[in-house]
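Order of writing sets the labels: A, B, C, D and E. Residues in every chain begin at 1.
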Amino acid sequence: MVSYLLRRLIALVTTVLAVISLVFVLLRLSPGSPLYTLLGFSYSEEGRAAVAERLGLNASIPEQYVRYLRQLAGGDLGASVFSGQPVGELLAQRLPVSLELGLVAGAVWMALGILAGALAALRHGSPFDGLVRVTSVVALSVPSFWLGLVCVLVFGVYITGVLPVSGYVPISEGLPEHLRGLVLPAFVLGLPAFAVVARTFRGSVLEVLDRDYVSFATSMGMSRRTLLARVAMRNAAIPLVTVMGLMLGMLVSGAILVENVFGVPGLGQLMVDSFRRQDYPVAAGCCLAVAVLYLLTNLLVDLAQLAIDPRIREGVLNGGRVR
Amino acid sequence: MNDRQATGSPVTDPPPADLLTVSDLHVDYAGRPAVRGVSLSLRRGEILGLVGESGSGKSTLCSAITGVLPAGARVRAAGLRFDGRELTELPPEDMRRIRASRIGVVPQRPMTSLSPSTPVLRQMRWYHDGHDLADLLAQVGLRAVLDRPRDHPHRFSGGQLQRLLIVLAALARQPDLLIADEPTTTLDATVQAQVLRLLLDLRDRLGPAILYVTHDLAVVAQICDRVGVMYAGRLVESGPVSQIFTAPRHPYTRALLAALPARTERGRRLGAMPGHTVAEVTLSRERGARAGSAGCAFAPRCPVVLARCHEEEPTPITMGTDVVRCHRAGETPEAEEDA
Amino acid sequence: MTPVLELDHVTRRFPAGRRQTVHAVEDVSFRIDPGETLAIVGESGCGKSTVARLAVGLLPPTRGAVRIGGVPAGTRMDRETRRQVQFVSQNPWSALNPRKTIGHSVGQPLAVHGLCRSVAERAERVAELLEQVGLPAHYAARRPGGVSGGELQRVTVARALAARPRAIVLDEPTASLDVGVKATVVNLLLDLRSALGLAYVLITHELDIARHLATRVAVMYLGRIVEQGPADEVFSAPRHPYTRMLLAAVPVPDPARRNLVALSGEVPSAVHPPPGCAFHPRCPYVEDACREAVPRLIAVGDRHSACLRDGEIPADAAGGA
Amino acid sequence: SPTGGGRTLRIGVAAGPSNLNPLDSGSEVTRWIAEPVMETLYDYDERVRSVPLLAAAEPAVSADGLTWTIPLKRGVTFHNGDAFTAEHVVASLDHVAAFASGSEWVVYFLGYYSGARAVDPNTVEIRLKRPYGLLRSHLTNLPITHRAFVDRKDTMMGTGPYRLERVSAGLGYSMTAHRGYHGPSPAYARLEFQIIPDGSTRAVNLRAGSVDIATELPVAALPLLAGQQAVTVHRVDAPIDILTYVKAGDPPFDDPNFRRAVAYAVDRQGVNDKVFGGAAVLGQGPIGPAERGYDPDLRVFPARPDTARARELLRGVTAPSFTLTISAGQVMEDIAQILVQSWARAGITVKLEVLQGGPWAQRWISGAYQMIMNRFSSGFTSGDANYLTLSPAQSTSVLACGYENPSVDTALERVWAIDDQDERDRLLREVNATLTEDAVMFPPVYPKMIVAQRASVSPMDPARMKISRLGTPRLRPEGNAGE
Amino acid sequence: MSAVVSAPRGARLLPRDGLTWFGAVCAALFCLLAALGPSLAGDPNATGSDVLAAPSLTHLFGTDQLGRDLLARTAAGTRVSLTVSLAAVALGLLVALPLGIFAGYHGGRLFDDLIMRVLEIVQALPMFVLAMFVIGLSGTATAHLGPIPITMTTKVVLLLGVAFVPYFARVARAATMAETGQEYVAALRVVGVPRLRILFGELLPNVAPAMVVQAFLAMALAVFAEGGLGFLGLGVQLPQATLGNLTGGGTGYLPAGVWWYSVLPGAVMLAGILGFNLIGDALSDSLGGRGTTHVETR
């Protein structure tokens, strides 16, 4: 187990390293430079050189790369070119907002998705099943930013005063207000997760109900309730774990659009801003954060699978290849 | 419920009334018939073998008896009596109780018949939480399972699992009827021998009726008392095992026997049935499906076919509990071989 | 005379994670001559399919050599060598590309080996081959989808024949077929053997089929051949305790001869084969030496048996059929 | 008055500044946030004249004009309690004059500023390399920062009536009244700048009373405030420019006729109507109505495109076309699309290139453009004058657009050097006219600053808004209105 | 063990299910709007005096702040969206298919490992982040790769295409692996068929159905991603209308009750996405592809 974890962590670190390099290369190859924006009318060659010197942008690219890696190794993500604020600090401010949004959206919606998927499968062919199928495919297809706009329209123009359509109320200003502010962004952000989870779970429950072990349990006279609890749901949950992990990753990137629609000051906003301004260190920091989050969720998913599926556990712990 | 535990041998039992009587059973899946007008009966202590090619409706028949059919299946029967009760009229809960205590099913694929995500021992306790589990396991030579409380099904071999399933379906609950749907098809010869031995011992000790489904005529010859031969959803012939093997009356049964290498001289061509394309087989099945209009389903492949076979479905000729469905069943075998 | 196909002390192992290995095939040797049929029998997992894959060059051996017509075989063998040994596998449904016509599949060897000069000639030859295996020529235009298993198995045989092989390795050719259909395939193999003088390596766990077709038999247990010899002799008077046990376990299709014997033990894992003779945990004749030394295949006339106590065990013990 | 001491003034802004240091950044948001926190040596009075604030008196300028001595006010303290002294002024000046600071002010000080020193804690002496009349204006606009904070970009430390208390990433900035303020005590207990990216949302929030002032309202949002009793919308001329000029040194714009044709074909009225709701002033030359040197009578180009004239000027040009490079943003995109259409009607094919800030700046600075356009607000560095946006017309400028006109060069040189405001205005008018007639810089319109406030706040000062300020330090709660 | 295989299942051409019909209609309308819309609805850039007019008979979708007909702009945007998506999916397939097939065929070996690791790295940045990242940084201008100009449209296509590669390659790899496990591949090797011919002559047609399913699902994803980029102003640039920049362009007018500007183009986008998704689902059911995996992004 430990050696497996170790292997996974090493793989994670190497992937992160590769992502860093990719990000770094892309950043440095992109035209323009934050210096132009920074200096504007004050631009001059000497000025550029001096500022570049201060920001460490004068060195050759490999040199900068090595420096960046060394910095990273020391836990330093650099500082914003513009505000001089340490990237770590910026992330520490923004990431929790996004994470909270993502987790709230994910938790609520996935729970609903599981419920809807299971019920639909158990009432296979019923109107409810049809409803879940239709809802989930529509929910999956609705572009989040557009749905966000529709929400803004509905709650900002037609039914005002019920739910705030913009802005973010920090938790320090009271939990109810804070949660009220989260309702719409979480609704929009989580909807696809609901759809995917509902579809997957419906499918896997249906599939499981068709399996030999369910017929055997039935033929042994096991009651339906017990059967569902002990056999069906447990096995149907195996593919669900994977999908839920993927959805968590998806929520992170979905947040970029949704945060922009609802003006939520999360990682997404920071990311878009930093890209617009070519704030190298911040942009890189954001990408890193996303990549690490994504890879960590992957790892968690794999671990969850290990916990839930003995065959995978066996395969992995015996040194078999992972996926 | 089980008052026979002490009595042992079925021979000493009171008059051997039929435990299970199936009469004129029809099952179709979304309109496509899978079992057509099958009637059979089974006594306590009897092993009835059910043979027939793939898709002939053997499993469907078994499922219809236990009432565990997939959605979309429709069952019609003149009677489905089990120990004096009409199963088709039972409320689901009662049916479930019957499954839970009186009918055992040994599934075809042991490897996939236990939930893969729960340890085997825990699953066994779902079904049987008596203290005698150790004894039962010892009977099948698998006491060691008790020392592997955290092992999941994939850790066990097919033979082991099949024996565990037999423990659950048969030994632990001592049902009156045991349905074994090709329980050894996926197993090796040596393991198959173990499992067959186990079933025979079980029958001898506890005397349940056993419905044994298989492809393998040799297995039938070894363990069954009576045989039913199915073709395209019909029971085309049934009878005591000795009679079926020595004097088969239906041409399909004869073809099956002729195809056995062990009954043919080494290196000689085997007796093979003509006609085996999907088209032909489905055609004959479909034709059977359109009730009344069709002839014998086996006609397209029958070596002794008559013109009338194509037009008119043969009516079952019964002799006691046995049956044969062939227009030429009355003729002497010699005449057929000439044809 | 050089044998058509020869396995010379072939071993094949597979890695199984955590520095473990599966000993799928250990030190297997055999040869077949033209017109001969060697049946390889044994229980599931004993390495039969691996032998088949080694024999046709789908797998390189870990140790030892496979020779086809005296030429070492391998993934890079030349066309001419490759052609000589063809392969028919267990599952005819997956042995044919579902999206290609039967004609295309049968024609592949003709195209690859340049056995036909023109497309028309190839079509003709395909029709001939189909007829040879008892299928109407118009089957060439069909796809595997609507064709039954027995027929498809004939198609795979036709494809093997197309390469004009001297030997065909058949891996469980009838295992997935119904009884009646099985017989037609067996008949086809019989017919082709007498018509073309083909040699077969017949891999099967169905002992009755092996007995029916084989001229020689090799019995495998846990990756090793434990007994080898002329088919009639091995079947009528098995020497090795395992062969005896196996034959005893096979039910006879005769209700008058009920002789089902209960056997004990299971096939051990190929990852941790027992030391010494791999069969010793199940062997009724086991003695201490069996637990240490791996018995070598010893020739007694035409017959080979790998048992330390060969000769000590009475001929009809343990119910040799 | 101290009566309103318990209240909060809430201001909605569009974005949080990337850099909070007003010594570095002249961006509107930075300065709006800095306005209540930081003070300058001199300040504008109600008539937009410069009067001492942190300085005790007017500067004493040496006869050669190279040494300026400024006495400082006493008893002023920074928010951290440190006394305001000459050291801090020197640190601030040194910071903006240093290349490495990357400050937007560098361009003003470079070449003129030679150094400053604290003669005593209450006297600063600035030495110049050459006479620099414009310095007086800069001293009115340059916020004085605590010397320990000149390099900080994430916080502010000043002497103003409010101290910056908290920065909530992406949410806003809050300030509290500075007890030890040297002027009249602040009217509000707290000041809050809320970041509300969407313009309409700012308007809606103002209407709902969740902010007291909404800045940078887009025209589209104004209908939301129409008929609201408690809301006043200010539309004020301010030094906001739509920087619009061409690369006059390279084809096709090296041809004056081509330039003029392009300028004639601009649909100024269309831009005004559709983008600014008719509230802007139609553009002519680079200097707008809120800026010194503006000439309301200068009328070279028509309101509606003069297509005939343009076509005539284009005679002999085959396939007239060019690329317009703008920076991304709704207003710029709208303007550009209208222009592209109006040019198309005159037979000029224009390719529109919309770039994000960084890449746009690179194009602009590197001169790799044909026609370039962006919004620029100069009020915070140069008050009511607009010196920077003219610099590309100067052939010696780093940003030179290739236009060579010695008279413009010398005029602009003098504008920076001299102290005489009237002379400067005259020169600026001259330059403006020349650049307009030569069609080098021809913004379609001069936008207005649009700010709305609730009646709960005392009326905002038009004089302050004229130089893009909000005047927050002097705003008070108004008796009756407001919840 | 069944001697009788089920009748050939092939793709059912006409969908049986109402939902699929609905999807097919949505997708057809979307494609129709893209194909014919621009020639029927007029110049998408022509400005009129009727500014921000609500939908009416003259302007079915209303007008924007510059008085342009939104139907014309939506049609033009739909065309961009469709072409970009098609091109991106095609590009993704072109790169991913050989990679996936090679990797799948050599499953578990070094080559496979290498490819999968590289793809994993690309995937660690979710598609949307990657695209936004590159476009955000490289700017929206035409870049020059040596003498080859890379317009914004090309850039979007390249990015989406690249982002699809891991996703397609995985599916292709899995499908190939499943296929390689089939005995016919071994048979072809024994017969001596050269590897490339096995891969592209025999395996490809069997991997293709799974890829077709994925292609449809990816089309939906591409329409969405293109829209999202446009919405953020990082997609194909003005004055070219795209569904994304139309939706994004109208946001400022929403609070003033101008619903049609953002909502209608977005609804067209929704129709496209829904259509492609539903078709993909239906195909995956009838072609027997593996369970649909709508993953990544969003």
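FYI, a residue touches a chain if its C-beta (ideal position, glycine included) is under 8 Å from a C-beta of that chain, and two chains touch if they have at least 3 such contacts.
Please read these numbers as outputs of a predicted model, since none were measured by experiment.
In summary, the chains found to touch both subunit A and subunit D are E. Common neighbours of subunit D and subunit E under the contact definition above: A. Distance between Cα centroids is largest for the pairing of subunit E with B. The chain with its CA mean position farthest from that of subunit C is D.
The distance from the centre of subunit C to the centre of subunit D, with each centre set as the mean of the Cα atoms, comes to 89 Å.
Put simply, the C-alpha centre of subunit B and that of subunit C have 31 angstrom between them.
The centroid of the Cα atoms in subunit B and the matching centroid in subunit D are 92 Å apart. Here the CA centre of subunit A is 54 Å from the CA centre of subunit B.
Residues of subunit B in contact with two or more other chains: 53-54, 215, 276, 278, 281.
Contacts with at least two other chains are made by residues 146-148, 150, 178, 181 of subunit C.
Shown for subunit A are the residues that touch two or more other chains, namely 31-32, 156, 275-276, 278, 321. Listing the residues of subunit A that touch subunit E in their complex gives 15-16, 18-19, 22-23, 26-27, 29-32, 133-134, 137-138, 140-146, 149-150, 152-153, 156-157, 192, 195-196, 199-200, 203, 239, 243, 246, 249-250, 252-254, 256-257, 260-261, 271-272, 275-276, 278, 283, 287, 290-291, 294-295, 321. Interface residues of subunit B, counted against subunit A in their complex, comprise 66, 68, 70-71, 96-101, 103-105, 107, 109, 112-119, 126-127, 152, 154-155, 165, 168-169. Put simply, subunit D touches subunit A in their complex at residues 17-20, 98-107, 110, 151-154, 168-171, 194-198, 201, 204, 328, 356-359, 361-362, 364-365, 388, 391, 398-399. Subunit E contributes residues 45-47, 51-52, 65-67, 136-142, 233-234, 237-239, 249, 251-256, 258 to its touches with subunit D in the complex. If you check the complex, the residues on subunit A that touch subunit B are 124-125, 210-213, 215-223, 226, 230-231, 234-235, 238, 308-311, 314.
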